[in-house]
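First chain written, first letter: the chains are A, B, C, D, E and F, and each begins at residue 1.
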Amino acid sequence: MTDTVERVRVEILVDQPLLRRVEQIARDVGINGYTLLPSLGGLGASGPWRDDQLSGAQAKILFLTITSRTRAERLTDTLSDLLDSHGLLLVISRVEVVRGAKFE
Amino acid sequence: MTDTVERVRVEILVDQPLLRRVEQIARDVGINGYTLLPSLGGLGASGPWRDDQLSGAQAKILFLTITSRTRAERLTDTLSDLLDSHGLLLVISRVEVVRGAKFE
Amino acid sequence: MTDTVERVRVEILVDQPLLRRVEQIARDVGINGYTLLPSLGGLGASGPWRDDQLSGAQAKILFLTITSRTRAERLTDTLSDLLDSHGLLLVISRVEVVRGAKFE
Amino acid sequence: MSFVEPFLSPVILFFLLGAFAALARSDLAIPEPIAKAMSLYLMAAIGLKGGVSVAAHGLEAGLIWAALAALALSFLIPIPVFGLLRGFGRLDSTNAGAVAAHYGSVSVVTYVTATEMLRIAGTPPAGYMVAALALMETPAIVTGLLLARRASGATARVDERSGLWHEVLLNGAVVLLVGSFVIGMIAGPDRFAPVAPVFEGGFRGILCLFLLDMGLIAVRRLREARALTVRLATLALLIPVANGMLGVAVGSAIGLDIGSAAALGVLAASASYIAVPAAMRLALPAADPGLYLAMSLGITFPFNVVIGIPLIATVARMLGT
Amino acid sequence: MSFVEPFLSPVILFFLLGAFAALARSDLAIPEPIAKAMSLYLMAAIGLKGGVSVAAHGLEAGLIWAALAALALSFLIPIPVFGLLRGFGRLDSTNAGAVAAHYGSVSVVTYVTATEMLRIAGTPPAGYMVAALALMETPAIVTGLLLARRASGATARVDERSGLWHEVLLNGAVVLLVGSFVIGMIAGPDRFAPVAPVFEGGFRGILCLFLLDMGLIAVRRLREARALTVRLATLALLIPVANGMLGVAVGSAIGLDIGSAAALGVLAASASYIAVPAAMRLALPAADPGLYLAMSLGITFPFNVVIGIPLIATVARMLGT
Amino acid sequence: MSFVEPFLSPVILFFLLGAFAALARSDLAIPEPIAKAMSLYLMAAIGLKGGVSVAAHGLEAGLIWAALAALALSFLIPIPVFGLLRGFGRLDSTNAGAVAAHYGSVSVVTYVTATEMLRIAGTPPAGYMVAALALMETPAIVTGLLLARRASGATARVDERSGLWHEVLLNGAVVLLVGSFVIGMIAGPDRFAPVAPVFEGGFRGILCLFLLDMGLIAVRRLREARALTVRLATLALLIPVANGMLGVAVGSAIGLDIGSAAALGVLAASASYIAVPAAMRLALPAADPGLYLAMSLGITFPFNVVIGIPLIATVARMLGT
């Protein structure tokens, strides 16, 4: 079978107005690949939301990156202020990838 | 590094007309945070579908929650009738989160 | 608690013009269920992209299937040419499902 | 209306273009939110125009009769259809009930296309027929569910039922249609004038683009149908003819003008693919959406647009003179 | 404008229909990209029409005074509002600052609805009032943040601030509004004519559909509000009345015509729900979006559309004669 | 057409507004499904209007010549372009082949903008030029792939090829354009009239909004381009000038009227950013989309809209007299 290597998947649910900043921080800690996924709504400590805002003020985007454990930790550390102040959701899980060199 | 704790991620692919009921059941078993993600189409035992239905009768939404193992089990049990009758897809996986207290 | 069994989740980020081919290959290796999720943009070796293309030439779709380890390996092997030539992202992770028979 | 005339109208030609593109497996596609928006637009426009016309002409006696006939047709049509599907069609009772509910209910787009073609033929239906359209959306769901459940002995749980009736009665399409109709009646012709460029001027062009999409969807739906047998496909052609004739006959009998009688026929002939599928997903999850959408959207809808409407219009003219 | 007249206009009736549908928990919904597109369309249309009108009539003296008044109102309104929210409303300073910024800024849709109703009443505002609208979008954000931060002693980090000001000043709504205004001025009436069917003819119909969506959104927003107290709901009704009266009075004092003075009143009375919420998410993340959107979008917006605008128009007519 | 006139037209001004907003990094954005829908609308409208005009004037001799010239231009233009890209541009053969295919093919929006500007100048192109537009979409893809593969010695797998040709020939844009053209020819002016408010009245306004989006997209695309060198940027300016002159010269030589000759020039000058990029992703995955989209969409498209079209129109007038 095609060889696979272990990496981690980091997912962050980001308020749209904050997206640029999160993208910038990710690049700064050396993450060179990520994908953005849309979301529709949800429920959290601050109540329910739907993406019905014309401003996108409450729209949230799922930032997804497959990267090395080290880079993931660096990202989590660098983001920790923003995670706290803006209450962003950050989830880490283990994955296997083919062609691991792409995901440092 | 920022401390992480173990939680589970539960994902349920819900037919749009059923969404309200699944949200209600999740709240009932004590889940206080979830996110809804869109989907475009797929293939299953009942054939292929695309979100081309004006009614949304065949549209499906991905219900995602990060929660404790206990709550996840309670959710799965409470939903089991609906899972069977409507053939919903439910997937559980292990994740790590920062600030675990948010995800009970 | 409702019984769960182990399966693997395979996610492939597919350029839209290639989607039909990936779906066909998945059916050919015996995968009988999958779901397609939208994406908004991202960053990779070939630079950043946003789904702003009228042609969909750069739009990417997340192909997600829950299947057995064996079928996942067969899929990865069969796709490997395409993964290389078109630089697709493929990620594998472990999940638990209820009613495992649906996900062979 | 000659039988060639429809095929010269951009509205029908765009439908055929969509069907051709899907047959040829072109990747032509209208974005889903746009299709949804166009269908909402058409409902608002047809509701408004119906209401304005009622405001202009006053409440005619025909309205009461048309409303009663519409209710009766929607409640009763599923019964013979269920019988045909069980007998000739060899369907189990759950699927037969689900499909029967679709045929008792109505398709807004088929109705809109028919009004357009009747208008071209010089016999537009009365504005109040929009009320008949709205009234026919839901009764068939009741009958269809009763048939499916009586036969299978199943009883719905109470919470399920309450969610269902809410869904059915306050379905977005019904609310928009009825709401726009009432707005049209309140506003009347003078206050309608400033919004007429959008709801009147834009109507036919948007209908073209919407039918382009419907052509694509109908053919794709048909191609993906797995459970469709030759017997069921035959029924999907025969049922609209039978129901259409029934509707026209009832319309003539209660004294509706030619255009309105034809419209009642088209309503009876058409099959829902919006409100009913959503209700069936909730209430009869064991019924196969691939099947009922293939029949209503993949066969009956294009049949009605291309053949059913002119046929019904012709019969209405014969009965009306 | 009689107090009944608005309730006969399709524009307001569609808003009420949306509110009704949301109250009845119907699943009626306008797809999000369509709602976004309609709001962009309305901004482009109102900007263009304002610019064309300035091109036609030349730069009137009123423009300068209206601009200065608009700036002053947007900068200063948050101060008394902040006081009310802290005192009577019992809000902490972060939330009070965030809410105050919303009330100093403006709602484009409220303004558009007002111009439509003033036009029906025969007293349309001057084209240059669009410039006042654009000018009032952002100053309130400065004041609101200063109030929140002075009170809480917090200081924003520099990088945060730069991102914020960029966001605020080059906010898409402001760029489109000002850009279309300039395009209208450059193009003038003759070159506007070929695009008039879309930007003039389509305007009222699109406004109907957009207000249908706003009715849905406002009621849903209100229902989901958790942090809303009776005191805050009361303020969300009183503040627009007070600000509206202030705006009309200022407008009359600087010699604006009746329509323009009313428009200035409506701008002062209206509360932002586009630019300001986005800025607050960035700059005051501890403020509760559920709260400020419930007040501005859930209460003040429908109040203004249904009661505030006719009230302000009446006062403007009284002051103007 | 004076060189200042375009900059007074809302169509071009909205394009510049979009470009400005993107340069200033404003967050202004048209939702993606809306942009897609507007591009489908423009194709349907231009196809319909072309077909209606052919129905009105009959099939003129010019059509045959224009069609042949269009095919020849699309097939042959990639060859010299490939040479320039390999030589002066220093591109490898895969990327050179991909870029060359873009320049041999056409941009529908550039064409639409040109017809609009030629109409303002009093020299609209003939309706049948839409057929030339459709014919030029795909031949260049063949040549581009042959050039890329001959040079790199690669051979496509059979399954890949079949998928590709299907994709290319039944591309949604081509199907809609040709389909609407045929519908216009069948329907003719009388049956077109009821849909004219949407496809004729709405045309220029929608074009404004669409070009607003194109301005945003073009500049964002250009900014994100990594592989773009000064040499390649220079070619992205020179190639459209050279191809435009060639197209006009051919058009004049085969006896087209001024407007049609100019349109042929614009078609030759324009570069695809819809059909060809999708085909290249399939058939030449090693070519860099960042590069070919930066050249065709980021440089050549805005150049043509702002400078190329008036230039080509001027030359056409000189040759035509």
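The rule we apply is simple: a contact is a pair of C-beta atoms (placed from the backbone, for glycine too) under 8 Å apart; a residue touches a chain by one contact, two chains touch by 3 or more.
In this text the structure is predicted, and so the values were computed from the model without any measurement.
Listed by label, the chains touching chain A and chain E alike form an empty list.
Chains touching both chain A and chain F: C, E. Where chain B touches chain C, the two copies mostly use different residue numbers: shared numbers make up under half of all numbers in play.
Averaged C-alpha coordinates give centres for chain A and chain D that are 45 Å from one another. One finds 34 Å separating the Cα centroids of chain C and chain F. Averaging C-alpha coordinates per chain places the centre of chain D 40 Å away from that of chain E. Contact with two or more other chains is made by residues 31-34, 36, 167, 197, 201-202 of chain F. Across the assembly, chain A contributes residues 37-38, 93-94 that each touch 2 or more other chains. Pairwise chain contacts in this structure: A-B, A-C, A-E, B-C, B-D, C-F, D-E, D-F, E-F. Within the complex formed with chain C, the residues of chain F that make contact are 32, 35-36, 39, 163, 167, 217, 220-221, 224-226, 273-275, 277-282, 285-286, 288-290, 293.
Put simply, chain E touches chain F in their complex at residues 31-34, 36-37, 40-41, 44, 48, 166-167, 170-172, 175-176, 179-180, 183, 186-187, 191-192, 194-199, 201-202.
If you check the complex, the residues on chain B that touch chain D are 15-18, 20-21, 46-58, 85-87. By the touch criterion given at the top, residues 1-2, 4, 9, 23, 27, 32-38, 61, 66, 93-99, 102 of chain A touch chain C in their complex. Note for the complex: chain B touches chain C at residues 13, 37-45, 60, 62, 73, 76-77, 80, 83-84, 89-94.
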